[in-house]
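The same subunit A turns up in both complexes below, where it pairs with subunit B and then with subunit C.
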Partner chain A sequence: MMESTELVRVFTVERKNGMSILTKQFQDALSKIEPEKDADHAADAHAEVRDVLHDDADLMEWGLHSVLIGSYRREVSIRRVKDVDVFCELPNLPADHDPQDLLDKFASLLAVEYGDRVAKNDRSVKVDFPDFDMHVDVVPARCADDDWEIPDRDGGWEKTHPVRFSELSTARNQAHNKKYVPVVKLLRQTRRALRGDVKPGGFFVEVAAYHAFEGIPNADSDACPSSTAEYYTVALETMAPILRDHADNFARLMNPAIPDQDLHVRATQQELDAIADAWEQAAVDARVALKSTNDQDAAQTFKRLLGQNSDGDDVFEVPVAVSAGHRSLPSGESPTFG
Partner chain B sequence: MNPTTEAYIEAAIRRLDEALNRANFRTVQCGDSPDAWEWTGTVGNRDREPAIISLGPNFPFEAPRVVLPQRANQIDWHQMPNGVLCLWNSHSLGGQPWLDGDRLVARIEEWISHAEDGWVDDMPQLDLEAYNNLWIELRDERLFAPVLVIDKWEEIEGGWFRATPPDENGLLTVVKAHLPAPAIPAPIRSKKKKGARAIGQHRLNKYVNAIAIDLGRITRPFIFTERLAEEAGANGPLIAGLLEAGRPVLFVARYTRDESAGFIGFWLEFGKESGILRRCFPVAERRNAQQRRAGWHAAALTDRKVSVIGAGSIGSYLADLLHRSGLKELTVHDDDTLLPGNLTRHAASPAFIGSFKTSAVRETANQRTPEYPIKTSSSVQGLSEAVELLRDQDLVVDCTGDRLTWQLLLAAAEVTGRSFLHVAVVGHGQAGRVDICPPMDDADPIPESIVQPFAATEWEAGCGDPVSPTPPTAVIETAAMGARFAIRMLAGEAVPPAGESRELFPVSP
Partner chain C sequence: MTRTLTLTAAVWRTLRDAATRALPREIGGLLLGYFTELGPHVVEARVVPDPRATRIRYQRDAALAERILDSSIRADSTGLVGYLGEWHTHPLPIGPSTTDINASGRLAKVGGHDIALLVLATGSRGWIGHALNLDPAGNMETLRVHVEGTGNDG
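Presenting the complex of A and B:
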């Protein structure tokens, strides 16, 4: 990771030498990956599921409180949102309740309403919402001191605290002048553009970005990146060694919400190597683009790194080449007459 | 491919955005239209201070709006009442210097330096009304800014005068000057008999009491009402009384800055709930302002005498141009009457249809500049008169286009040894020429203009000749050529000895 003092030097020099920050193009890119209708659908699906669960006397006795979690909650989801997570806190669940029985109970309750749209997974119950082209993962959780526990794949319980990650993300966003959230969206879109449906997914990139932002000078520093383009480039650069070290088993990638817990990454070694390679190249390309005094060339690079959205539209648009202003008046600089 | 309007504007904003970010400004807002953009950063040579830069809807063809929040509420030169800095004057806008973000930041820092030095060596800046919340009226869905026109400051200086309220164009005019102080009227009665008019209501609507006061040297661009009251001196209680009686008062002031004088006016009115309401308006001095614009030959023309023979199309424009240029002894000669059809190619106002063309030319010029009226005379009839004219005038200009008049003046020129100017359009607008007759310094006359036959076939009641289809443009361009020759000759400048010919609207053979 680049040291802060080095970042200060790099930014100070490079800002003076020229930058293609393409503010408007980045803003438009962000609006092209906004979930839009998916956000309404997620809220509607959550409300429906909550109503079904709240009709059950046992769950209510166990203190059921359901909240939306995941990238949607952290506002870093990008179009299209295909799944949303509903976290069902059960603070009064008896300590000896079997996690798989709990999942079965949730699946039965939901099946009454949704029939074969319901499927029980190892750690959650999935409900399809075909009208929204979306599914809801319902995750039951019991209280464990300051954390929560959810069913794991081995029939036991596993610590988690998704709401805490939301709070940490909000704090990081504030510290970075509200640039963290939009840049994470761009980074998730970059993963989609460079790696498609291949694992690891967007959450892996988000967690790596969260750690990377720790090393990026924040709004209190003169070295704080001044634009979305600069933030995006620096984030790619700062994440690249994190992904490489993780792929090479030199460093762990930690779950920000649970101290000393590794992030579960469902990817093969080959896939981890591939995303580390892709990220290193993306970081180099983005830096070249940012330093370029030719914003057409720069825009072409950012366009490639951000690919297309789920509608098949280019996320980043290359501006039309225009030479605006600085023309000499044929009659010279003659004054006006009053 | 031609760029779209949006692409052109976007490119200009993009350049500025990148330059400002290079200068460590941050883009805090951006959008599709220029006015959605805003940057914040710090500027300053010694102590850094925050600056906010935003764009107006017409960027890049208007300067960015720059506000220094720490100074936004201070009253200073080159800073609008809303805190926006005036970074460039109108003459330096053409190069769009703000397109270069580095120059924009440098200019802001230059502004700060000047402000901190007290604007030493600043231009006089006689546009005080711009700093004092200019009065803008909305009438019949049209915005206008009232303005008081005075002939010259001495006309109203140092006392009371009466003015009109703004007319439909916003013009306030002086009705009568050097008046005694007005009496305070009785308050308007709240209850009145049906059909009765409140005391003074008619006069209130028609005229406004006004006072002219010299403010002397000013150091700050905003004039506080307290300062006006202080300068009113003994008239203060009277002004207060008029306001309390529901009578508005015009306060017209002269001020100086760096030896130059400017004028500003305030319409003061008293509202029971709002207190003193004041509206600021510009005060325009006519006489001196017109003299400043008469051109640099005006001083040389002041004591020259000129006769323009013919007050038709070319003669009217030529005479009008000489009058505008500061010629005070000008006589126009003609016997014709101004008809509606003439107006297309005549300098006179339509208000004078039916008058002699000479009177129409004189009165039109009088509306603009009444202090040196054009003289009028009948057309030149015989050789004696022509000889006398050439001897008496510094220059005679023949604009009749009439061969017989030209022969008459040429004969008079031979008798007197003095040349005259013959100014004419040739071939119904194919060429325009100014001939010095006879040419000076024994020069050859300029060659005849080569024009193609062009039959005029339109006839009109009251005309013995067909109506010439000469374009108005050819008339005015030729008149301007003639006026230029006349001005240069009167000012003693060397001109081509035989005159000048110019192709105007050539016709192919």
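Presenting the complex of A and C:
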């Protein structure tokens, strides 16, 4: 076997300020959670739905303008994208139009094209796209001053402004030297790794991350995190008390797009406690990994925190330990082969 | 688990082209690279010419090989590239010979470390790689030959 004791032990990873930053491994991790073809499917599905809706005279008279919203629009979606939201702005909708009647109209129009692939929900109309293994949630919205209103679960209207959250996210990303978007993807993947299909979902984590980034030194500051690994760790640490405060009902998460509006979170108290617990532990573990002098140990921690993607592949790969080849020939002889 | 001698695709092309150009004679040289948990990882294969090579004999010149190794180490910015072992060709469909094994075993013993031996032998589908690992204690181990990025073994 190899006489490794004679060799200089070298790892093909980088260290910065004494931290285990594993640059290539984080880059590869981001590639492994990219939506890839899901992004094309989302655009195709949106185009199809838009074409169907734009054939209706009423909707056109009400000024229909449909846009993709949600994590896909904010570029923080991770593989796999199972649902896409299409926001249908109707600036000229009569003020007295009943929201449930509006949903019925959308459902009827879409059913002509898609038949039983259409289902009316409380606040949207869902259209299945089985070929893409994806569904589209069509959300009608009326104008309300500077905001929009969508049907709520009680038969009324509820304020929202999903496009504004996209704009806010873009601004946050710029302020953090384009690190916000990739780190949010990693955080969403961490939620998936730690909590699976249990609520709260990725949007909850994204909103918590949005608020947490407010407190993280940005690109204008010398204290700005200097690597994806450090950003990820600092984000986990900054989010942990936010999730705890939300679980304890001490300070509820707010909707970034609508001032003074609580974020709607579909999760039980037990689930909120569980994700707060998981996040606190993840923050501690990530900090230990970041400070570790052993890149293999650090990578094992990040591997656990990022879990597997929808293909069942580990998102974060532990780098292979390597040792250098010999610096001289084994002997001064000229060996003969035959 | 069988350990692997991994070659980059560029290295495999270099070896194959050099082997073909030298026909009907043997040719050989040095395997350079680093070690991973899987086995030796070759990132550079250098030819050490032998003007007296025949169809059944190749001698790797020590002085010339030392200069070639030094130049590769100087040119490497990673600090990882170094000597891994020896390679040569067989213009016949025959893997490592007793002469090859004895010569490599001696290098391992004198050097006090493992030696990778790669023999490129002609076959019906072109050149085929056969690899062994020899250690200072006289043990011999067959290595799987893998060409990176192709999904194929050499």
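Criterion: the second predicted complex is superposed on the first by the 305 of 338 C-alpha atoms of A that agree within 3 Å, B and C clash if a C-alpha of one lies under 4 Å from a C-alpha of the other, contacts with A are read in each partner's own complex, and residues count from 1 in each chain.
One rule holds in what follows: a residue touches a chain if its C-beta (ideal position, glycine included) is under 8 Å from a C-beta of that chain, and two chains touch if they have at least 3 such contacts.
Just so it is clear, the model here is predicted, and its values are computed rather than measured.
In the superposition on chain A, A:322 contacts both subunit B and subunit C. Look at A:27: by the touch rule set out above, it reaches subunit B but stays clear of subunit C.
When the two complexes are overlaid on their common chain A, residue A:19 makes contact with subunit B while staying clear of subunit C. When the two structures are aligned on the shared chain, A:226 is found in touch with subunit B, with no touch to subunit C.
In the superposition on chain A, A:150 contacts neither subunit B nor subunit C. Of the two partner chains, subunit B is the only one that A:295 touches; subunit C does not reach it. Using the contact criterion defined above for the overlaid structures, shared-chain residue A:64 touches neither subunit B nor subunit C, since it reaches no partner. Where the contact sets of subunit A with subunit B and with subunit C meet, they give residues 320-326, 329, 333, 335-338. Interface residues of subunit A facing subunit C in the complex, by the touch rule stated above, are 1-4, 6-8, 10, 12, 320-338.
The touching residues of subunit C, counted against subunit A in their complex, run 26, 28, 32-38, 40-41, 56-63, 65-66, 69, 73, 78-84, 86, 88, 97, 99-100, 103-104, 106-108, 110-115, 135-136. Those residues of subunit A that touch subunit B in the shared complex are 15-16, 18-24, 27, 177, 222, 226-227, 230, 295, 319-326, 329, 333, 335-338.
The residues of subunit B lying in touch with subunit A in their complex are 3-4, 7-15, 17-18, 21-22, 24-27, 30-32, 60, 90-91, 94-96, 99, 293.
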